[in-house]
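The same chain A turns up in both complexes below, where it pairs with chain B and then with chain C.
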Partner chain A sequence: MVTEPESKFIRIDDQEIPFVHGQTIMDATLAAGVYIPHLCHFPGITPQGNCKLCTVEVDGKPLAACTSPAAAGQRIRNNTPELNESRKALTQMLFIEGNHICPSCEKTGNCPLQAMAYHLGMLHGHFPAQFPVREVDASHPTIMLDRDRCILCSLCVRASREVDGKNVFAIAGRGTHASLIVNTANGKLVDSDIEPSDLAARICPVGAILIKEHGYDAPIGKRIFDQHKINEIGLEKIYIAGAKSDDS
Partner chain B sequence: MTEHLHLLHILHELQQKHRYISEKSICEVAAQLSLPVSQVRAVVAFYAFFYSTPCGHYHILFSNCTSCGYRAGGTDLLRLLSQKLSVNIGQTRKDEQVSIDETSCIGMCDHGPSLLINGVPLVHLDAEKIEQMATLIEADKPLNGWPPAWFHVKDHIYKRGLLLDSSLSAGDGLRATLTRGREGTLTEIIQSKLRGRGGAGFSTGLKWRLCQQAAGEAHYVVCNADEGEPGTFKDRMLLQQHADALCEGMTICAYVIGAYQGFIYLRGEYRYLLPHLQATLMHRRKLGLLGTAILGQTEFDFDIDIVVGAGAYICGEESALIESLEGKPGIPRSRPPFPVAHGYLGQPTVVNNVETLIAATHIACKGSAWFTALGTPASTGSKLLSISGDCAAPGIYEYPFGITIQQILDECGAVNVQAVQVGGPAGTLLDQTAFNRQLAFEDVGTGGSFMIFNQERDILTIIHQFAAFFAHESCGFCTPCRVGTILLKQGLDKIMIGQGARNDMAELQRVSELVRRYSHCGLGHTAANPILDGLQYFSQAFEQRLTPYDFTARFKLDAALQEARQLTRHDGKEAHLEQGQD
Partner chain C sequence: MTHKPKLKLATTSLAGCFGCHMSFLDMDERIVELLEHIEFDRSPFTDIKQLDHCDIGLIEGGVCNAENVHVLRTYRANCRILVAVGACAINGGVPALRNHFSLKECLEEAYVKTPDMINPHIPDDPELPLLLDKVYPVHEVVKIDYFLPGCPPSADTFYRFLSELIEGKEPQIGKVELRYD
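Showing the complex of A and B:
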């Protein structure tokens, strides 16, 4: 049973792509330019697998592509009507769980959640809105925390720990009461050591963490998803650079 | 040592002392244990038995289980007590004397309606007892002055089989293990074909083998004593009566896999068993069955600590349990890697259920042939059942695998049965057509819960209670479970209040399948089972409540106007909509 390292492949939607040992299905597909919808995954940050949008069928079994190791010979279904329909329902769940105000949100046009909804053909929330009561933290001079839009993807939690080396955020609470909390004695962002240049401050895929005084910088037509589609590989660099990006 | 320093234990002490855990305490504990304040805050917010505002001096949690719940006696005892004491449910009375709320099943399903008062179970409730309780509380009578019989948790064992019939003396299993040696013992466990009794049914011998072979700085044995599945209480009896055999099973496992440390993770609802378990551990240390050089064997050192949970069903999931052991919220890990290779503190860990470990002790002592002589080829040995609900004799029954549902119903005195929920809400809802099926991993699998519902029960109410249970117990980690379980509960709410239309049944089916297929762990994978089974086998229970309309609102319009009528003091007939006159 000797297999040569270079002969390792997985097959995704009838396309054969290579992988190296240690890569997840998501790593391998992104490297090969194949898009699997995702919101809580970000290259270079430890995957968590909590949004479940990247669920693919591996030999018939549903698995989160971001946390599942690639293994030789896997037959994977990704871009199928059934999976995309379920991803749309999951996206709808994320919308109705929080308080999303797309038309007036300053992240509009730069928001991966919104872009995902367009990508999946989501035209309405479908499920009953939950209207949760969530706390806004405007205490920090340059960074705003509006939990209304938080989708509990934990990207800020991981980015702060793994990239910024700061551990500013955590998720607390159970079930639908889960919420993003700040690792300071009074729980306020102002007492944390977060800075606008931190990845944690810029990685939020929704409008839950916002850099102050930059809202609506780019006019409609110049915002990220006016010029890009969410299924373009490598978009992360652009939205980390911020809303000012009007390049293509 | 660890018992006192464990985050959950420190928080429990604070909760007992101050009746809540303040922000100040959270910061102090974080400093004391050198943990991020966010971790301590997250733990406090995760576990049901920790509170961020003060509870009453008498803090009462009624079980909301279908078997030991506050409605099980036919009267809503929760509301009755709240009225007697003039306290709002979920709030502490202004004088801080009392607070009342509900909690998930507390494992007293063979003891009628039950509650926890300041963490101690009080059983066999009825309206009269509620009345007396109210008087005692208003008189500020301490709990040790209350009738002792109220707190008496008796083990009702109606049928003894392979395990319960045979008695072992402390050390018997270990001595046999030492005689047989590591590999010989493991071979015996593998040959017994013992499968995990928690419900998943993974081969115990294979689990031990995989852990033994996994490389690590240390190996651990963990006993999952967190049975939280509504309708399950057999571990309660086993912990009470067979703690020695349990500890011995852990020690045998430790010997096989090379572990020096073990943990019993005890569910918070069973905290009252803690002194007994600690005494068992002390006794075993004295006998040389725990500690260093066990039974005189040099290099056979092993000891057990107990960690007590704080009210979270999800901690019965083995990786969530390990997270909880590590002092974190009980959120299931992504797998692979599995705990056998990457468990407690990232080290190889065996997590076994109470009944599994006790069975292992018996197998070590009596051999695999003794065990495989009973059961079916794929499900060897016996299974302990916690039988509750509508039957003459609720309690513990031990049967060989392969027994049919109907035989069990006959033996426990269940007549006029409409449905049986095997394996708890996460298991299977069976109607009469399935009563000839067998209890076995290859047919109807179970962790031990066996709930019986007769023809008088409203099956939709039961399914609704189960849906509420999962929505309450979802850890919140993944989208489909966190949001989906809430939507399922709300979907049933709508049908329950008579606002459901036909498309609401289709929607329940659709969301159920989404939750089942896309969730992160077993809780989500099974949360919709009662609804899916209900839609399949009891569709008339849904249909008879539907409105004739294609689409309806989620609320009753007339009822929604009630507040406006109160505010305007205008409650005449003309202020009501026609449809809502009732």
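Showing the complex of A and C:
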């Protein structure tokens, strides 16, 4: 009979870290101050494993750390050249599948996608740029939706449902036809009950959802990733505050 | 110390704003130091029109028309090391914002719908290079050896990159220098 080891530890890149029952690998590593690259995970929001950047090798098998439960005795590889190369390729795909023109984006310097690409040493998109044509929704007086930059992480969808108690967003379609939609009769943000103080309006890791009239508030040198690196644990509060700079 | 022959450097701007060239000039007096090891061939800095065989070619800007394709292929054929410099060369940059629209829409907006135009029509002089349907990153047209991201890459980035090439090292873009804006 196989028995579970008594100690509740996982081993990640030769570092042993504790976990409690119910934690995912991501939860346990974040609590221990170990960084696994991620874009679609946010503490306190149900993980969905969309971006796959947090893919780690668990006992030799690739798994998304954000959705995989921690189990005693797991041997996990995380910060390896092979995994980081795969993460870079995924990040390159996120760039070329949208229109991520950093110099013209007001999220630049505050953008976790951009910071992730810096972290992974991405110098170019590698794959043929798709330059998709996607609808911009500027109908709302205080919130802007630019689907060009949406990476379909679904953080806004989950934040709206789980934290704001609303149901403003959804992902419609599949594969290359997937898109972020607004759950209103005409599909416009203006008819939704979203407000700038909602987490859904501020959680976007790219410049797809922006609070209007706050662009470029912080000059270059004062933006989040001028002062922080994406691999610092616990940046989420700074992201949220940075999404509306008059709060800070 | 043995006297090494100078490296030949050529630069060009395709669909760009010349900001990368301006940033290159921001090296200030360090350019004089570099000139002990490199000499310019075809470049907006020299106004030489024909490209000779070169060691390094720096390409600023994306590919937006038939002439850009021709120039880029000429650089590839004549440069031992070809470098994509700046956001426009690497991913189309700001000029690629026109990729949201059809070429017809762009031309009509500029030459037909603009208010107060005299004789509004889309220019059709045969000497004008034909526009491509989209603005493309340079690596989608020719093989590129190195990428210097940034809008523009800083003078320090240019200096370090060229210094390392001069020293015969494999150039590295440090994490501090890696910026897309």
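One rule holds for everything that comes next: the second predicted complex is superposed on the first by the 236 of 248 C-alpha atoms of A that agree within 3 Å, B and C clash if a C-alpha of one lies under 4 Å from a C-alpha of the other, contacts with A are read in each partner's own complex, and residues count from 1 in each chain.
Note that a contact is a pair of C-beta atoms (placed from the backbone, for glycine too) under 8 Å apart; a residue touches a chain by one contact, two chains touch by 3 or more.
Because the structure is a prediction, the values reported are computed rather than measured.
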{"item": "Fit or clash between chain C and chain B when superposed on chain A", "value": "fit"}
{"item": "Touched chain A residues, chain B compared with chain C", "value": "B"}
{"item": "Which superposed partner A:Tyr216 touches (first chain B, second chain C, both, neither)", "value": "neither"}
{"item": "Which superposed partner A:Ala89 touches (first chain B, second chain C, both, neither)", "value": "first"}
{"item": "Contacts of A:Ala129 with chain B and chain C, given as first, second, both or neither", "value": "second"}
{"item": "Chain B versus chain C as contact partner of A:Arg174, first or second or both or neither", "value": "first"}
{"item": "Touching partner for A:Thr67 - first (chain B), second (chain C), both, neither", "value": "first"}
{"item": "Minimal inter-chain CA distance - chain C and chain B, angstrom", "value": "5"}
{"item": "Contact residues of chain A, present in both the chain B and the chain C interface", "value": "96, 128"}
{"item": "Chain A-facing residues of chain C, complex", "value": "84, 87, 90-94, 96-97, 99-100, 134, 136-137, 139-140, 144, 147, 149, 151, 173, 175, 178-181"}
{"item": "For the chain B and chain A complex, residues of the former touching the latter", "value": "23, 27, 36-39, 41-42, 44-48, 312, 329, 334, 336, 471-480, 482-487, 490, 510-511, 514, 517-520, 554"}
{"item": "In the complex, chain A residues that touch chain C", "value": "95-96, 99-105, 108-109, 114, 117-119, 121, 123-126, 128-129, 131, 133, 220"}
{"item": "Chain B-facing residues of chain A, complex", "value": "47-53, 55, 62, 64, 67, 69, 86, 89-90, 93-94, 96-97, 127-128, 130, 151-152, 167, 169-179, 181-187"}
